[in-house]
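Structures for review follow.
Across the two complexes that follow, chain A remains constant while its partner is chain B and subsequently chain C.
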Partner chain A sequence: MSTGNSREPVTGVMLRKQPPPTPAQPPPPGGSVSTVLRVLDVRNLTLLAVLAALVAVGGFTEPDQFLSTDNLTLVLTQSSVIGVVTVGMTFVITSGGIDLSVGAIVALSTVWATTVATQEYGAGGILFCAVAVGVGCGLVNGLLIAYGRMVPFIATLAMLASARGLALLISDGKTQVVDSKTVLELGYEESYILGVPPLVLIFAGVTVLGWLLLKRTTFGRRTVAVGGNAEAARLAGIDVRRHRLYLYLLSGLCCGIAAFMLIVMTGSGQNTNGNLYELDAIAAAIIGGTLLSGGRGTITGSVLGVLIFTTITNIFALNNLQSDAQQIAKGAIIVAAVLVQRRPSGTTET
Partner chain B sequence: MRARPRPALPSRRGLLLGGAALSATAALSACTSNESNDSDDSTQPAAQPASDKAGKPVTIGFAGPQADHGWLNAINEQAKNRAKTYSDVTLEITEGSNDTAQQIGQIETLINKKVDVLIILPADGKALTQVGLKAMRAGIPVINLDRVFNSPQAYRTWIGGDNYGMGLNAGHYIGEQLKDVRNAKVVELAGMDNLELTRQRTQGFDDALKNYPNIKKVARQAAEFTVESGQAKMAQLLQAESKFDALWNHDDDQGVGAERAIAQAGRKEFLMVGGAGSRRAMDAIKADNTVLKATVLYPPTMAASAIDLARALGQGKGVGGLAELEIPSSITLYSAVVTKDNVDDYLSTGFR
Partner chain C sequence: MVAPEPPTPPPDSPNPPTADASTTAEGPGGPPLLLMDGIVKTFPGVRALDGVDLEVAAGEVHCLLGQNGAGKSTLIKVLAGAHRPDAGTIHWRGEPVTLASPIAAMRLGIATIYQELDLVDGLSVAENVFLGHEFATVGVLHPGRAQAATAELLARLGHPEISPSRPLGELPAAAKQVVSMARALSHDVRLIVMDEPSAVLDHDEVDNLFRIVSDLTADGVSVVYISHRLEEIRRIGDRVTVLKDGRTAARGLPARTTPTRDVVALMTGRSVEYVFPERPEAQAQPAGEPVLRVEGLAREGEFAPVDLDVHPGEIVGLAGLVGSGRTEILETIYGARRPTAGRVLVDGRPLRPGSVQAAVRAGLGLAPEERKTQGLLMLESVTRNVSLSCLNRFSRAGWLDSRREREAARARTRELSLHPDDPDRPVRTLSGGNQQKAVLARWLLRGCRVLLLDEPTRGVDVGARAELYAVIRRLADEGLAVLLVSSEVPEVLGLADRVLVLREGRTVHQGPATELDEHRVLDLVMEGSPS
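Right after this comes the complex of A and B.
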């Protein structure tokens, strides 16, 4: 701003008349509603509307089944595994990257953590192994991308292939059943805490931590900066490479946690686990409002995206509709959600 | 379980972020082994054919899909073990592949090697018809295993399971069990819906249930032959139907997940029938302490039978027990229902 320059007052006045460029978002209308709106981000309102519409459909078609607490618990439980993966994926996409290997990492972690040899170490061994394998794969991804200067799409595609291959090699195509009582009992009603399954609690914990990390920390702001303009971020003093490494580690960590949850859920490890998780997670993040090109991401939106997909599946199953119809509806929802969301953001940005 | 050397604990420094991951990988590499000392052989050949004396040596080429599933694994093992029992048989087995182009390449290699007989279990029957024709034209008789080629000219003999019959037998078994139950409700957990075999199984199941007017199929969901999908779809079914009398699950592998969902929901008011015939399912049927009361076979022993047929073809002989001079052009296997009463007879065929 040329405030001190008085030699050209006309242009100076003209400049002052320009609206200040800083507040990109419209001023909040005020009241307690506005704080809620700020937390949810305006874009998420459309998602909430979609979810509300789905709940209405579910409640209308199968009122007794759909609106029961049991069913709510079921929807949340079935969202939990892919939900945790999606939180990690949201960070990676926000930074302008992509992780195609999440499903394969989940598969490899479940298999590695349920071999006869690992199971000798009990529940702790299974948990440690699942998380360690996830982080290890994330480390390889991160090193290849950040320091090997490979394109994320290619590096994680390579990881997808090799992790699936390794999972098949270890499991020999067989289903490895878990014997550990501690692990198995985590899936039963006896271990629910105040009526909430442990898996849902983990999902909630990861979501809250992810939200805090992305919205409230330097790490989160750096992630957005790297995704918005990596060169500018580098010039601003961010170690972009190291930051990228951390992001893929984070995604791997989420996969490891998700793998353990999947072991609890299915009581087994199998090399076919996590099938197409990468696409489900990307789809949930995208309809949640995360930009595939990077620079914008919301954990709340991603989690809403996951919940929408699970709710659709649930409603279709309750109404005894078959998978063909489910897949068509899923595709339609992706298109509709993205189209609806583009409206408000399009009008404010251009 | 064999005692293993405990992996050395990582040093305190190694516990730092990157180091932890690396040392974990090292420690975990000791954990990839899947061996247990539980070594009773699950793939004992059932019966020797009539002509088990060594004859003219035969080289058999075997090409199957990638063994990423319990049943396909059993197919490979059945073939290998059966071939080992004949001193006159040499088995050339390819690395399994689900990629059509790759499988065609593997079969062409076997043709060039001039094997005497080819056994082909195609990843996709229609897509591999051409290479089957090529082998037949080159004078190599082809035994088409399970997934059928488009043209009968592409094989000498087809041997495989009966998907329609599997559904039919599952339906009849459930029908007989629920004969006296008024307004009985049945639920179906199908396999992958984009496979024709799933549709055939469902068709057979529905046709059988038509004989029992007191039974109604109230819900059906399709899983994907994986434990994970079995758990997810079964949990939905249990939520959708608060009470039912019987469940047919197409596949024992996805059944691991389905049974997990049933245990998690704490439900046991119904009887469950499985499909394919895994060793785990048979053990559960024998123990009789879960909802699983029966399983309908889709026997992997067909691979062992295919070796028998290939050997007979290579030696120019027929098969024993029939009046025919030639080997039949198609053999459809029977999908037996395994229950607690007859499970001991079938335990040896159960696959892991």
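Right after this comes the complex of A and C.
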């Protein structure tokens, strides 16, 4: 007998005949444990445990280097650019879509924002241009997918190719160095706020905003609905097409912000920037518990996924392991995460 | 065409989850709440609605009756703004309106509870109830208010035990139905459409549902109630509209006093009579051993143990409503579902349960209900669709001999007079009847001995059906055993030699088709007389 089971068998409750209208009752007190667990979310706890284990491994193998403030700051800084991209990607995947063009959009944005013409307008011009290019690419993606009825995979694959091509065309394959002191100084230690680099603060800000947007707004709620059951969303009166457009705009916006952060970090714009970001962002979202088929996704999980990946890369680098070993480890983590997250009692038939 | 929408609050603003009492102001002399006139809706190849009229008064329970395929589902989708009609007019409280989108219908106060529950599993109960009209200020949600309002609605529906914060996917079907109802009530409703709401409810739940319906009508809300159960319609209905073949067969009948015989007569009897091929001499007990024997086959929660035999040359039909278990039985025989009890024997040898491969190897073939998604590769040619089940016959070391493949496929499609006789044509461009022939040709090529047909004439024009019936009969005459499932009673009676009648997963009758008529079957299916 499973009397200790926190999940109440609703079927049994349903069979009980209910008296005519009764005032609303508070949820039964037995549910409080499961409520607490639900707020913390078991999946994210697992990810936190994995991250803690990785930190322990890092601290054990290279105690002096790994746990130094400089190194931990580095890990966070390295996470921040791909982290911002992943937040946008999480929305798109939760809605049942995919955005393969994020890396290319980042590259194009960095290149466009660092041309001589743009740099004449100073730091503000660079920021504005990076964001505008990102949003513009997102707009094209969104229009093609929502109103041109193209499959997201194809539309964003086309954007991937074109944006990279345009980035190469604009930069002529050369690295474009940033002159603006304001931009460069954002990366220096002098501008750290309470010991935290501005880039990490931007990442944190985007994460919090993304979390609020997904959890606490109609936009986020409808994103989950569109991904979970688009027809139900349509019958509920949601303009599914316009919503899809907004989602790709959002992903483009995140790419624009990430591009600006990358410019600060490297002090330059390059057409090779953001290489394979799309795969890293998708992988981070997936191990964070976002369903590739849509209908479920969490920002917390995605950000933890990003941190796990960056930490692995860092530990492997500190231990002088080759990048091929890193790739294998990443692949293994993706497989393990998906296997662990699969519900034990899934239905086998449809 | 632009919908003349009344000035309404933006979709983000919360609607009070109560019915507007002002609807009662409409006196009996005023215009009806809803008047649909001459509604026509055509889908590629099918005229689903062919001039339907529907009139609903304020505060009444208006029942919509009709057999499967009569057009009920299409009609309520038009009413919900999910389908645009091709012709016809809709008047709402005396004003002409265009229901251009689901939002337009909702703004007028029309809410629909669909049969296939259109809820999102990944969201909580409260999130589902208020999806599309969330409690929010400039897009920022007030989860507390949504939860409180949901709790109130669920309590009003007699289900305070369903927690508003619970993920919907964890709830059983009956509880989802309640959530669906709460969702409809969360709007400022004047008309609620309920599509077979009692199908997933048990007895007590149905009583509760009726209490809710009478509460609603007391508030002046109208209900369009769709059900196959006549006893329910007698209990809560005010008036009945009967649909048949996409047309209104009768409107405004008194629900309590119209005799069952008259209702059934209106639902049956067709404008286009089907032509069925002649049966061979009716054998009381078919000679020889059955090729397919089903012994006590059951799936818990879907259908009770069923026994049946099919002999070579025989067509056995399963009649029953949606949810009676007919498709489930067929798919379990085929191995696509694993039985919880019983077994399937072919030529006296039991099949490995739950294995489609074993069933196919033993000579079973299934023409599935969803031909386009489960049966055919729509973009591929006729040849490739037909040869799919036995590709290795045309290949040497994995290398396909496409000429032999084409010839073999063509021989079969000609046998079934598939039209046009062009093996390279994509099946997408064929009519429904000819697509079905492509499915049959595949199994003939494979050399199957038992054909399982699930709704073989779904989406096939009435005129083309006779030909398909003739093909099925000819296949049986050539020695195939056929097990046929159809929601259309005349089809089962006209085509099959023997018939099993199913009601809610139980076999309520088994016998020769000639001993039954449509009325008797509908009585069995809807009233469930003891047998």
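A few points about this structure:
As a working rule, the second predicted complex is superposed on the first by the 303 of 350 C-alpha atoms of A that agree within 3 Å, B and C clash if a C-alpha of one lies under 4 Å from a C-alpha of the other, contacts with A are read in each partner's own complex, and residues count from 1 in each chain.
Everything that follows uses one rule, which is that a contact is a pair of C-beta atoms (placed from the backbone, for glycine too) under 8 Å apart; a residue touches a chain by one contact, two chains touch by 3 or more.
Remember, it's a predicted structure, so these values are computed and weren't measured experimentally.
In the overlay built on the shared chain, the residue A:G228 is in contact with chain C alone; chain B does not reach it. Legend: residue contacts after superposition of the two complexes on their common chain; A:T115 is shown touching chain B, with no touch to chain C. When the two complexes are overlaid on their common chain A, residue A:T69 makes contact with neither chain B nor chain C.
In the superposition on chain A, contact is made by A:G295 with chain C only, not with chain B. In the superposition on chain A, A:T218 makes contact with chain C only, not with chain B.
When the shared chain is aligned, chain B comes close enough to touch A:Q78, but chain C does not. Chain A is touched at more residues by one of its partners, and among chain B and chain C that partner is B. Once the two complexes are laid over each other on the shared chain, residue contacts for A:G136 go to chain B alone; chain C is not touched.
In the superposition on chain A, A:G237 makes contact with chain C only, not with chain B.
The touching residues of chain C, when paired with chain A in their complex, are 11-12, 80, 82, 101-103, 106, 112, 114, 118-123, 127, 131-134, 136, 139-141, 143, 148, 151-152, 154-156, 158-163, 165, 170-172, 174-175, 202, 204-205, 208, 211, 336-337.
Chain contact summary for the complex, chain B toward chain A: residues 1, 4, 17-18, 20-22, 24-25, 27-28, 30-36, 66-70, 72-73, 193, 218-222, 224-233, 235-237, 239-240, 242, 253, 256-257, 260, 263-264, 266, 280, 352.
Interface of chain A with chain B (complex): residues 62, 65, 70-71, 74, 77-78, 112, 115-118, 120, 125, 128-129, 132-133, 135-136, 138-139, 168, 170-177, 187-189, 249, 262, 265-268, 270-275, 313-314, 317-318, 320, 322-324.
Within the complex formed with chain C, the residues of chain A that make contact are 7, 10-11, 13-25, 27-28, 31, 35, 216-219, 221-222, 224-225, 227-229, 231-238, 295-296, 349.
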